[in-house]
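Chain naming follows the written order as A, B, C and D, and within any one chain the residues start at number 1.
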Amino acid sequence: MREALDDTLVAASLLLVAAAATAAALTRDPARQAVVLSLLALALALALLFTVLQAPDVALSQLAVGSAVTPLMILLTVRRVRRRRRRE
Amino acid sequence: MSVLPYLVAGWIFLVGVYGLATSRHLVHAVGCLAVAQSSTYVLLLAVGYRRGATAPVFSDIPPGTTVVDPVVQALALTDVVVGATVTALLLALVVQTRKRHGTVDPDELSGLKG
Amino acid sequence: MTRRARLWVLAAGLLGTAALFAAACLRMPPFGGTWHPYGDRAVAAAIAQRTANTVSSVNFDQRALDTLGEESILFAAVLGTVVLLRRTPDERRVAPQPASVPPALRRYAITVLPLALLIGLYVVAHGQLSPGGGFQGGVVVATALHLLYIGVDHRALERVRPVGLYELADGVGEGAYVVLGAAGLLAGSAYLANTLPHGTFNTLASGGTVPLLNAAVGMEVASAVVVLLARFLAQALEIVDEKTVDEKEEKEKE
Amino acid sequence: MDRLLPLIVAVPLLGAAVLVGAGRRMPRLAAETVACACAAASTALACAALARATTVVSWAGGWRPRHGVSGGIVLVGDRIGLGLAALASVLVLAVLAYSWRYFEEPPRGHSGAFPALVLLFQAGMCGFALTGDLFDAFVFFELMGVCGYALTGYHVEESRPVQGALAFGFVNSLGSYATLMGIALLYARTGELGMAAIGRQLDAAPERDALVAAAFVLVMTGLLVKAAAVPFHFWLPDAHAVAPTPVCLVLSGVMVETGVYGVARVHTTVFGGPGGIPAAGTRRVLVVLGVVSAVTGAVMCWQQRHIKRLLAFSTVGHTGLFLVGVGLLTDEGLSGTCLYVLGHAGAKAALFACTGILLARLGSVDEHELHGRGRDIRGIGLLFALGGLALAGLPPFGTGLGKAVVEEGSAWLPALFGLVSALTGGAALRVAARVFLGTGERGREEEPETAGGEEEPETAGGEEEPETGRRIRLAPPPMVSVAVALLAGALAVGTVPALAEATYAASSAFLDHAGYAATVLGGRAGGGQPGHAAAAHGGAWWTWTGAALGLLSAALAVVLAAAAVVGLVPSRGWSAPLRRLHSGHIGDYVAWTTAGIGLLSLLTLW
């Protein structure tokens, strides 16, 4: 019984990761992509999947990198990239 | 179920590559490259999974317990670091591309042709 | 190439790759199987070296050369970012202005900051016991520092972290890892060998060189991420081209 | 000696750490001396390891194999791996000497940044050349990549380097992620990561099914992207045309060759046995890609005006020849390719060095704009012409010897090798004639060189401002002496018989699938079968036909250059579609990389 539950949990988190990845790839606007929809959601979905796959180390580093460092860098880049366009 | 994780990994790789090839904004392209890379995490950890096993950390369980494969987790850790660093470098290049080219749309980048 | 031609080439490539990968997946061992020879060997070796967290044992003891390569990649990327995001002669640095922050947020940030720093250091120190390690702890410490930027403002953050010191820490972290590896050589066995006494299982000093390498990686990762974010923050907030300086003046004049 | 093998990788890392740590307080002179010292130290270590007769096997962390299995990483110092590491270190030394106060003031407080990046680049190449572990090869592959992106985009104040570095970064990263997917597949099937161990596991239960083929294709993708084989090659001309010239020395001289080395190493150790890919399949993949790359590179090289881009396409062409040489899977093919790589590294690096001097003195790398302006530095012109002749395979040069040895493989090879060498050598000679002798008319300045109607002109490299900040009057001694030394190296490769003999013995040991596994895992004394190697040493040396073919291709190159200068060369229209493919658009390059994966699987499974 326990292994069937494990399997459904793994399958569910896999499909969640696939959905988040598809959303991340197909969201064209970079700012929204970074914060709301994609890379943050993808990072959290991946962290969940890694926890379900019994990989706490990787989940922790994915959480730390994927949901803190990378989105912050993307946001700062988008802010720098968008700065001059408003003026033209 | 015995093949689903590998197929999901393949799907994420292809979606990432599709997004990267058809991207109209370099920051979005860097995001898609990160998506394509996350497929390698999923594939690696799916290869190392063992049904009914627990995490390979023996600080609170007796050393005899069956555990998941720790080697793929070490590989995935190295991969996460590689992903973060490549993303940082490419974003730095995107910032400079914006400054020097005035645009971040790959279609408008026209410096190198022929 | 026109956009349509590119889509055709891409479609052909994706189709080919998908077919290849799907055919391979059908012949992969079923998911969740019990045949993991390398994993079982690694677990046995980790317990022999009295390192509770087998992933850290694989990372810092059995395959330590991988982690040396990984840290050098992070070190090279940070160095590359410092070079790529440097301030070119045609740009000016505008001193960051104090920003107004709601007091509740400021109080929250000030209280959580030391807590987050402590958690990060705990994760680094217990790398060989509980999940986590040098890399994860380093990133937690680095991002904890940036609570100051969110809670107070960029100027406060700049005062707290002199970037030169962190670049020195980055170099020292990388150098420490390489020298610790050479220590194994001097002690008569191979490069990156775990020659220190392994201590008793499940204690803070267990695992021989694993905790030391963890600390070196923790220092390097924390300083590397701080330098990385400092460069991006500087580009986003401070460095201004000559041409857009009028936009800044207009805002200040209002 | 086997315990000191990892120091070849560790010393440059320590040097880089010291340079970055003390970056702010260290004057520029001290920084460059420390860098040169570290590069020299690892060169000496590599040569010392080369001097030993047997293969040096070093298990990192002391995790030696117990009854055939081990959990650690192995560094294998066989003749060809150590040779590549030594070549990389020598070229890095040449770069550090060449760029001795070459750049204008380095960024404030980071005087050690450029030498540190070059040292990290060397560590990545030496690690990749020496490692016997597939995942470790991926890690060092990424280290090379990261340093390459940063060094290519070094001149952030110009618009093109940043775009070239982006294309380099996206395509190479995608290739390395495909390689990692292949490694994950192999780990799932064999449960091992070491190349020898995977090879042995594949042979234990030889079932050549889709999984092994997919793993082969995916692992080869990353390596072929680095080796710039068509259709993965698009990033190379963009990255080379814009990288600082000292970096081009290393990129063209040895980094692309590490991709070819990786292809040969992974094929032999992992897929060379009964459980891997049949030899006919690998031969078909490598020879087809090699021929297409060679022809594309040569044709595109002939069309270029931008000298660095011209040399980059000639690298694509010559790498195609290397892939064909490796693809023959014979001792002659591999030893000829080794000699060709050594000769080509010297000649191509010397040509880039001369281009750097041109850029420093005249502030341009556009052939038409520099027409006749190089008359007062005829010495550099002579070096450039000699480099062009070396590319064309003129006999005394190492490239000529390598070409001659590989051409004996089969009947159709002399035609391919001759044509590609003549085109690439002829293009270089044409540039030398136009720039340094000022022969021929001024060059078609009036009609814009557009590939297709409305697009703006192709990359011409006219308005590059010199990297040295201010136009220097006479060529600084370090730059000239490095160019001369590199050309002398290319000459030495072709004239020293002991070197050719050693490469022949090394190749037969390199191609020995079972011998490698026994050396690494079985711990038996390495070096392959000395008896076999010594007996057949005659294979790799000058023959009359080889020398004649070399002279013929060099003569053809001179004729082509003369025809181009006089204006008889055919108009550029016929190759417009090919030139339009090199669009500089990142989406195109990624699409072509994916199409390349599909092409590879077709060639392998067909």
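Of note:
One rule holds in what follows: contacts are C-beta pairs under 8 Å (C-beta built on N, C-alpha and C of every residue); 3 or more make two chains touch, one makes a residue touch a chain.
Protein names from UniProt, one per chain: B = NADH-quinone oxidoreductase subunit K; C = Sodium:proton antiporter.
Since the structure is predicted, the reported quantities are computational estimates derived from the model, not experimental observations.
Taking A-C and C-D together, the pair of chains sharing more C-beta contacts is C-D.
Between chain B and chain C the centroid-to-centroid distance comes to 15 Å (mean Cα coordinates, whole Å). Between chain C and chain D the centroid-to-centroid distance comes to 31 Å (mean Cα coordinates, whole Å). With centres defined as mean CA coordinates, chain B is found 10 Å away from chain A. For chain C, the set of residues touching two or more other chains reads 6-7, 10, 14, 17, 21, 24, 26, 28, 32, 36, 38, 42, 53, 55, 58, 63, 66, 69-70, 73, 76-77, 80-81, 84-85, 131, 135, 228, 232, 235. Counting partner chains per residue, chain B has residues 1, 4-5, 13, 17-18, 20-23, 39, 46-49, 51, 55-57, 67-68, 71-73, 75, 77-78, 81-82, 84-86, 88-89, 91, 93-96, 107 touching two or more of them.
Across the assembly, chain D contributes residues 71, 135, 139, 142, 146, 149-150, 153, 156-157, 181, 187-188, 193, 580, 583, 585, 587, 590-591, 594 that each touch 2 or more other chains. Across the assembly, chains come into contact as A-B, A-C, B-C, B-D, C-D. Residue ranges on chain C touching chain B, taken from their complex, read 3, 6-7, 10, 14, 17-18, 21-22, 24-26, 28, 30-34, 36, 38-39, 42-43, 46-47, 52-55, 57-59, 63, 66-67, 69-70, 73-74, 76-78, 80-81, 84-85, 129-131, 135, 202, 228, 231-232, 235, 241.
On the chain A side of its complex with chain C, the touching residues are 7, 56-57, 59-61, 64-65, 68-69, 72-73, 76-77, 79-80, 83-84, 87.
The touching residues of chain D, when paired with chain C in their complex, are 3-7, 9-10, 13-14, 16-24, 58-63, 69, 71-73, 75, 107, 109-110, 113-114, 116-117, 120, 123-124, 127, 131, 133, 135-136, 139-140, 142-143, 146-147, 149-151, 153-154, 156-157, 181, 185, 187-189, 191-193, 209-211, 213-215, 217-218, 580-581, 583, 585, 587-588, 590-599, 601-602. Considering their complex, residues 1, 6-7, 9-10, 12-17, 19-21, 23-24, 26-29, 35-38, 41-42, 45, 58, 61-66, 68-70, 72-73, 75-77, 79-86, 88-90, 164, 167-168, 170-172, 174-175, 178-179, 181-182, 184-185, 189-194 of chain C touch chain D. Residues of chain B touching chain C in their complex: 1-7, 10, 13-14, 17-18, 21-22, 46-51, 55-59, 63, 66-75, 77-78, 81-82, 84-86, 88-89, 91-93, 95-96, 99, 107.
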